[in-house]
Each structure stands twice: as C-alpha cells, then as structure tokens.
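These are the structures, in structure tokens.
What follows is subunit A paired twice: with subunit B in the first complex and subunit C in the second.
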Partner chain A sequence: MAPDTFMDLIGVWLAAVLSLCVFSFLLRDNILYRVTEAIFVGGSVGIGIVLEFWNGFYPKLIVPFQKFVAKAADQPPERWVWAAYMLFSLCLGVLFLSRFSRKQAWLSRFPMAYLIGLGTGMGIPLGIQTFIFEQTKATLVPLVVFQGELVQWSQINWIVTLGNTSLVVGVLCVLYYFFFSFKKTDLFSRATSRLGVAYLMLGFGASFGYTVMARISLLTGRVDFLKEDWILGTLRYFGW
Partner chain B sequence: MILVSFDFAPDVSPELTPMAEAVVRHAFARGIHVIGIAAASAQGAPLAKTILENCAQNPRGLYPEQINGAHYVYLGNRPDMFSTLMQMGKDIHATYETDYGGRVLADMPFMRGVKTFQDVDYLVVITGYVGVPETWMQIANMKYKATIGMGMTAVSISGYMPYLQSKQITGLLPGLRGAAEYEIALGEPNVAVRRMVAQLFAHALVVFFIVVGNIEYFVRRRYGA
Partner chain C sequence: MNVMATIDATWFDLDKLNVLVALVVLSALILYFIYHARRGKALFVRRIPGLESVEEAIGRATELGKPMLYVSGIGGAGDVATIAAMNILGYVAEQVAHYDTDLLVPCIDPVVMTIEQELVKNSYTRAGRPENYKEDNVCYLTGEQFPYAMAVSGIMVREKPAANFFMGSFAAESLILAEAGAATGAIQIAGTSAESQIPFFIVACDYTLIGEELFAASAYLSREPLLLGCLKGQDYAKLVIIVALLAGIALLTADVCLPGQFSQWFVNLFASAGG
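Now for the complex of A and B:
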C-alpha cells in the first residue's frame, strides 16, 4: 500500500527497514536479523492475543454476560443454564493458566482433556470419512472407459483409460514399495518397487517445482513492496 | 452468493492476495454477493478486510463501486476454527451475530436468507496453512455437503491434488500461477501476471542448475573424478 498519510509513511519505512534486516541474513547471521525475527514473533503473538480477545472473548462471553446480568431477575431458567455453562467454560479456560505454576500445573490437564476429547470425538469420524473412505472410493475407478454404450475397441476413451490405469497402478506400486513384511528379491517385487519409486519421484518433483514457485512468489512480493511502496511511494509522498 | 474464507496472514500475502483479489473481483463483476471471513487466522483478519475493501472501492471499471452491507459483508475471525465451522454449518447468524464493524447481520437484506452453508452457492477457501483445507473439507464438504473450491500456496498444492480428483473440492488454484491464470481468464492481467515474469527466469535458472548438476554427476561417474 503506497503511503498517503504521514503515519502510512512511517509504517512503510518501518516495514522496509525490517525487510532489509531480514535480507541481511543472506550475508551472515547477525544481530539485526535476530532482532527483526524477535519483533516478528513477538508482534504476531501480541496481535494474535489482542485479536482473539476482541473477536472471541469479548463478543462471545463478556457482551452476552453483561446483557444477562443487566436483566438477571427477568431471565428464564434456560438462560440461567446457559450462564452456568458459560461460567463453567470460563473456569475451564482459566485452568490453562495454571501451567505457569509448577505446583498447580496439573490443573491444566482438565481443560486439555476436555479439548482433546471434544476434538477426537468430532474429528475422528469425519477424518475417516474424508481422508480414507472418500480417497479409497476415488481410487476404485474402471480401468477401461468406453465413450458410448457399446463395449468395443473403437469406443474406448483412451485418455481417461490411461489416466485411470496409471492412477491404480501408481497407488498399488507405491503401497507395495512401502510393504516391508518380506524381502523383495524376486523380479516382480523389484520391478513393482522401482515403479513405485518412479511415481514417488514424480510427486516429489512436482512438489519441488511448486516450492520454488512459492518461494520466488514471496521474494517478488517483497521486492515489489520495496520498489513500489517504499521507494516510489516515498517519492510520490514528497511530490517528487 | 459466495463465501470467501481468507485463511492466510501477511506471511504468505504476496502469493495469495492477488488470487483473493481476482476471486472477489470476479464475483463483483458478475453481481454476486460476497461473504468474507477469516476462519483460520486472527492475524489475517485485518488483511482480509483490506483486500475486500480495496476490491469494492477500486472497481477498475469492471463493476460499480460495491457497498459494504449491500453487496458484500466481512465477518472477520472467531477463535477455534473447528468449532466456528461446525457452528456455521448450523447457523451463520449465531456464529457471527455482527459483521467485523459491529453491524447486526440480520439487518442486512441480502444476509436474511443465509442461515447455513447450504444457503451459499460456493465456498472459496484461500489458504497457505496445512490443516486448514482438511478442516474445511471435513466440516463444510463432508458434514454439511457444501461445494468448495480452494486457492493455495504453491508449496502445499501437490498434497491436495488427490482431493480434486475425488471431487471433495471442485477447483484448485495453485499459488501465483493460479492467480495469474485467473487474471487472464477475467481479461484483466494484473500483479500476478506481472510477477510471473520473475517466476519464468527463476525457474529457467533452477532448470539450468539441475541440468549442470546432472552433467557434472555423469561426467564424474564416467571419468571417476
């Protein structure tokens, strides 16, 4: 964002100087880089805590509770149950802070157990459905696909057929490669494992290519910021 | 109506902001209402607001200026993504009673008919964090049968290709390349297309080094250096 106000300008300069401090790591590890790293981590945690408070704690707990207390005498029984549940949740959350005391740290196990139990209960059935059942279903594809109703050589959809076949063969070969229950000395085992490795290498190659793209994207973004917002933005701000 | 989840913070912003802008501008150009949230990242919530406002207030001649509360709404972040999505699947208004600016959602005409994920035509999740797409797929797609498309950082894209094949997600934008392709498809090449020039040279350099490294390897093996 190009600076429009004096405060914007200060922000842009601060960001630019900190960016250069991070880039100074390319020469060697140094105090400027370490200070910037500490500022980044501290700033992220600080902002995170403030935002969590104002986005969650305040609107979800404090505001409803204030409204409840203001008309406490007129509240129906179900609202009292709600208030008790909220108080219980608050107490459970406060127990997390017992980690700071060596003697009372065991109390934090209660909210931890509650969270793990809740997460496991909700997550495991959905996880099995999403990552095992659906993925297995997507692998069970016909090896030969026909374009029309007729089962004839001329009706084979070769592109889909090749795609499906390579998918099934790839999955089986990779699974076989990771099957260590017996020694793979025979020709079939070695050939299958080799093919499995080839599939894995294709996957790793794709990941590497995309990783290069991701890192260069971040670099170009930062260089773009330094050129457009910092240098040209400052010049524009002073009317040059 | 689409729901866009800006699940990223400034650390991956150079890669995902062009993509997020392209998606939002496309929706605005088609007259589609946009609900913005930042489900996964509290730190990314102010950034998402800036992106939405920038798209709404700088239409670049593609659409009329969009008004907050009439054409789009930004809801921000709520702590604990898993619980937030679970609750959104049952009642969006109970999860976010107000928008990021504190206005009551029920007062916005276009939000009155939106109760759950089922009332949104398409969910777009733009993220750079491992675990976030899984949570969206588990809850929004698997539990509440919503249709999801994703835009992701390039570094994590190959791990999520299988979900495209299994149709658990119906679209996948890979990093800056995806953003550039989206911009070209919209007929409005912008920052992502410009940055792809640097990508071209960087990739050419990496390919060159790989070739040189391989040649050296075979030469050493042949002549036993």
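Now for the complex of A and C:
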C-alpha cells in the first residue's frame, strides 16, 4: 500500500526507522536504541499526562463540577453528597503532591492507605467469586458419562469420561501442591505433589507454545510492514 | 400501554450470599490460626526453592559490587499481586540495607512508586541504615507497558545488576524483561500469579515462584506469626474446597449412574450472580 500524502510517507519512514533502531538491541546496546528508548518513554509519559487530563480529570471532575456550581442553589441533596465525594477524592489526590515536601510527605500515606484498602476490599469478594466459585463450579463434573439414556458399561463415553477424570485429578493434585503448611513426607503426598507439578508444567507448556505463536505473528506483522508499507510503499509513492 | 420500571437500591445482594458465607468461613479459619500462631504455636512452612535463593542473589550482588533490580510488575497499587510483591520488596530491601548494595526499583505506576519509596525507606530504617537509602533508586519510568519494558531492559544492559527480581503482575512484557536480564548474566528470581506469563519466567529465570507461592512468600521470608497464621488458614480453606469438590463430584457421578437431580442444588451453591 502506497502512502497517500508526503506526511504519510514521513510517518511510515519514522515508524520503520524506529522499528529498526529497536531491533538493533538484538546485536547490543547502542546509541540508536538509546535514542529510540528515550523517545518512546518520554512520548508515552507525555501522552499519558495529556490523556489523563482530557479523558479523566477534565470530563469526570471539571465539567460536572462546573455544571454543579452553575445551578448550585437548585441541586437536590444527593448531588451535594456527590459533590462532597468528588471534593474528598480531589483532596486525597492532592495529598500525593505532599511527597514534594520532606516535612509533609507523611500526608501522602492517607491516599495510599485508601487505595490499598479499596483494592483489597474490592478484590477479596471478587476473587472468591472468580477464582474459587467459578473454578469450583467448572470442576464439578461427573466422573462417568454415558452416550445415551442407558446406564450400561458398553454405553460409557470414554473420551469425555477420561477427560473429566483427568480434569478432576489435575485440579486436586495441583491444589494439593499449593499446600504450604502441611508436611509432605509420605509417599502419597509426594506422589500427589509431583503429579500436580506435572499437570502445571503441561499447562505451562501449552500456554508457552500458544503465546510464542502469537509473538511470531506480531513479528511477521512488523516485517510485513517494513516490506509492504516502507520499502514497496515508498517505491510506489515515487511511481517506481 | 406505558410501563414504568423502577430500580430499588438494596444494601444486600442475596445472590451473593454464598460469597459472604465463604468469606466468613475463610476469615474464621485464618483468624483461628493467627490466634494460635500469636500464642507461640510453631507453624510449619514447606521449602520454597525460589525464595531460598533470595539470600544467594543478595550475597552475589554484594560480592560483585553491583546493584540489584526489583521490578514489581505492571499492576496498580490495588492489585493483590502488586501488594504481595511489595511485601517481598520490604524483606529484600531490609537485607540489601545490611550489605550496603544498591537496590534499583523502576516503577510503572506513580502510586506504586510512592508506596515503594516509603517501604524501602522503612526497611532501611529497620535495618539501622537509614543513611544508605537513596530515594532516586525507586523511580517512575512511564505508565505504558512496552516503553516500560524497553526502559527496564535498558537499565539492565547499562547498570548490569547482579540480581533481578520480577515479582507481581505481568503481561506480555514478561519475556522481554526476563530475556534481557538473562542476556546480562544476572541471577533472576521471578514470581507472578498471571498463569500465562509463568512459562516465560520458567524458561528465562533461575527460580520462579508459581502462582500462589508469590502470596506465600512474605510469610515464608518473614516468619511473622500473623502471616504464618494466614498461610495455615488458607491451606485449610483449600482443604474445604477439596472436600466440597469431592462431595460434588461424587453426587454428580451418582446422578449419572442413578438418574435423578439430587446433585443440582449442590452445583447451584457455587453459582454467582449472572453466572
């Protein structure tokens, strides 16, 4: 695909050169990589601050507050509660700036405590629901599954039965591996733990292969960009 | 015909009653074992190889006169894995303070950075070396994932830390960091609860804390009765889950072999609202 305008062409060249500068890290650390690193880090911080202001601070605090103040006399009580909550949040945020003063830096502990407390408080019930209940429910499967209505030895669906049994054994063994305060000295405990580790490694192996494939497709995408958009695109732009 | 819909706010969501029950049971178990641990009852914790190597890593950095790098992931301050990483950082910083070795802690989140500065400072003070604390060593880099990975890789190549710690919540940047660290020859210890990233740490790091080992680490390292009690309580909670699983599976299997619906109520105990 050829760039439409000269500015597009400059953008493609910039992206291509910066990509090559990043790839140069594979040889060793060098000045080109350092320059790109500085651009990338500095740019991301700058963009982050602007986005934080225009996507968060301005539409969620300044604009609603302006509207609230404009009609303050007619506001119902619940809007005043909202305003108090927003002011409280703002004050907590401002306390972070106390880090710039050696004497008043202790004030920043209040928003920190609030954030960690909030995160933990919200995380625990959510964790129970997501990581315990949902997973337990997904593991509740019958060990034997039949193909039809008849409960007969010959009607057993062996593939599903083996799959379910493997799932249950795997979950129990992995759970047992994560017991930290029980002594695992007898043969049964050690064998169960080993089997748990084997299940974990099987899972990690599958996850590794899957993710590496995704990474290779990312690399393919970048190489394709360099070939199609940069080299061929430039040639097409100049009519070659 | 006009139909008016009204929404009533309620203080209690009955659909989540099972979560409350689980929370109460878990809390009771944990509090019970904390009580016992505080009364001086010795609690056993099994060996976690990844954590035993922490001292080795600190010793190596001190011998070589090189700094150590501690990366607490890309999670925010409310992330449970980040909180676990902070607990380990407190221990590592206290050990490092004794040996007068530099500890570099580049952060992705300004709030996490603020907390970690306090944490490291307190650790140095506890170790009796407050003068060795350098505030600039715990710094903010950027809030974006890949620029952060790039900058940390740069630090690893330039500062050549003797030991790298990757603890907390990680995503796609895990392999970038671990590979860059491995290329510098540093001893690397990693731990994360993100199961999709554990394989990358296993292949590129010397020691890896798998999943819950990260959360057990602070109890293991500090041996504080409060944390040991928590660990023991969590183990018993897992035992309760195993018993519930076995009971449920037995009921479901019986359901299949002796057709009936007497196990459905048991499965519904774990049904979450909307799930």
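Keep in mind that, in the parts below, the second predicted complex is superposed on the first by the 200 of 240 C-alpha atoms of A that agree within 3 Å, B and C clash if a C-alpha of one lies under 4 Å from a C-alpha of the other, contacts with A are read in each partner's own complex, and residues count from 1 in each chain.
Simple rule for what comes next: a residue touches a chain if its C-beta (ideal position, glycine included) is under 8 Å from a C-beta of that chain, and two chains touch if they have at least 3 such contacts.
These numbers come from a predicted model, not from an experiment.
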First (subunit B), second (subunit C), both or neither touched by A:T211: both
Partner chain(s) touched by A:K60 [first = subunit B, second = subunit C, both, neither]: first
Contacts of A:G48 with subunit B and subunit C, given as first, second, both or neither: both
Contacts of A:G203 with subunit B and subunit C, given as first, second, both or neither: both
Contact breadth on subunit A, by residue count: subunit C or subunit B: C
A:M122 touches, of subunit B and subunit C: first, second, both or neither? both
Partner chain(s) touched by A:V168 [first = subunit B, second = subunit C, both, neither]: second
Partner chain(s) touched by A:K137 [first = subunit B, second = subunit C, both, neither]: both
First (subunit B), second (subunit C), both or neither touched by A:Y33: second
Partner chain(s) touched by A:F96 [first = subunit B, second = subunit C, both, neither]: second
Contact residues common to both interfaces of subunit A (with subunit B and with subunit C): 44, 48, 119, 122-123, 127, 129, 134, 137, 203, 207, 211, 215
Residues of subunit A touching subunit C in the complex: 22, 25, 29, 33-34, 36-37, 40-41, 43-45, 48, 96, 99, 108-109, 111-112, 115-116, 118-120, 122-125, 127-129, 132-134, 136-137, 139-146, 151, 168, 171-172, 175-176, 178-184, 200, 203-205, 207-208, 211, 215
Of all residues in subunit C, those that touch subunit A in their complex: 16, 18-19, 22-23, 26, 43-46, 48, 76-80, 83, 110-111, 114-115, 117-118, 141-144, 146-148, 150-151, 153-154, 157-158, 175, 195-196, 198-200, 202-203, 210-213, 216, 219-220, 228, 231-232, 235, 238-239, 241-242, 244-246, 248-249, 252-253, 255-259, 266-267, 270-272, 275
Parts of subunit B lying in touch with subunit A, wherever the complex brings them together: 9, 12-15, 42-43, 45-46, 50, 76-80, 82, 86, 97-98, 134, 137-139, 141-143, 153-155, 157-159, 162, 165-168, 174-177, 191, 195, 198-199, 202-203, 206
Residue numbers on subunit A that touch subunit B, as the complex places them: 1, 44, 47-48, 51-52, 55-57, 59-60, 119, 122-123, 126-127, 129-131, 134-135, 137-138, 167, 203, 206-207, 209-222, 224-225
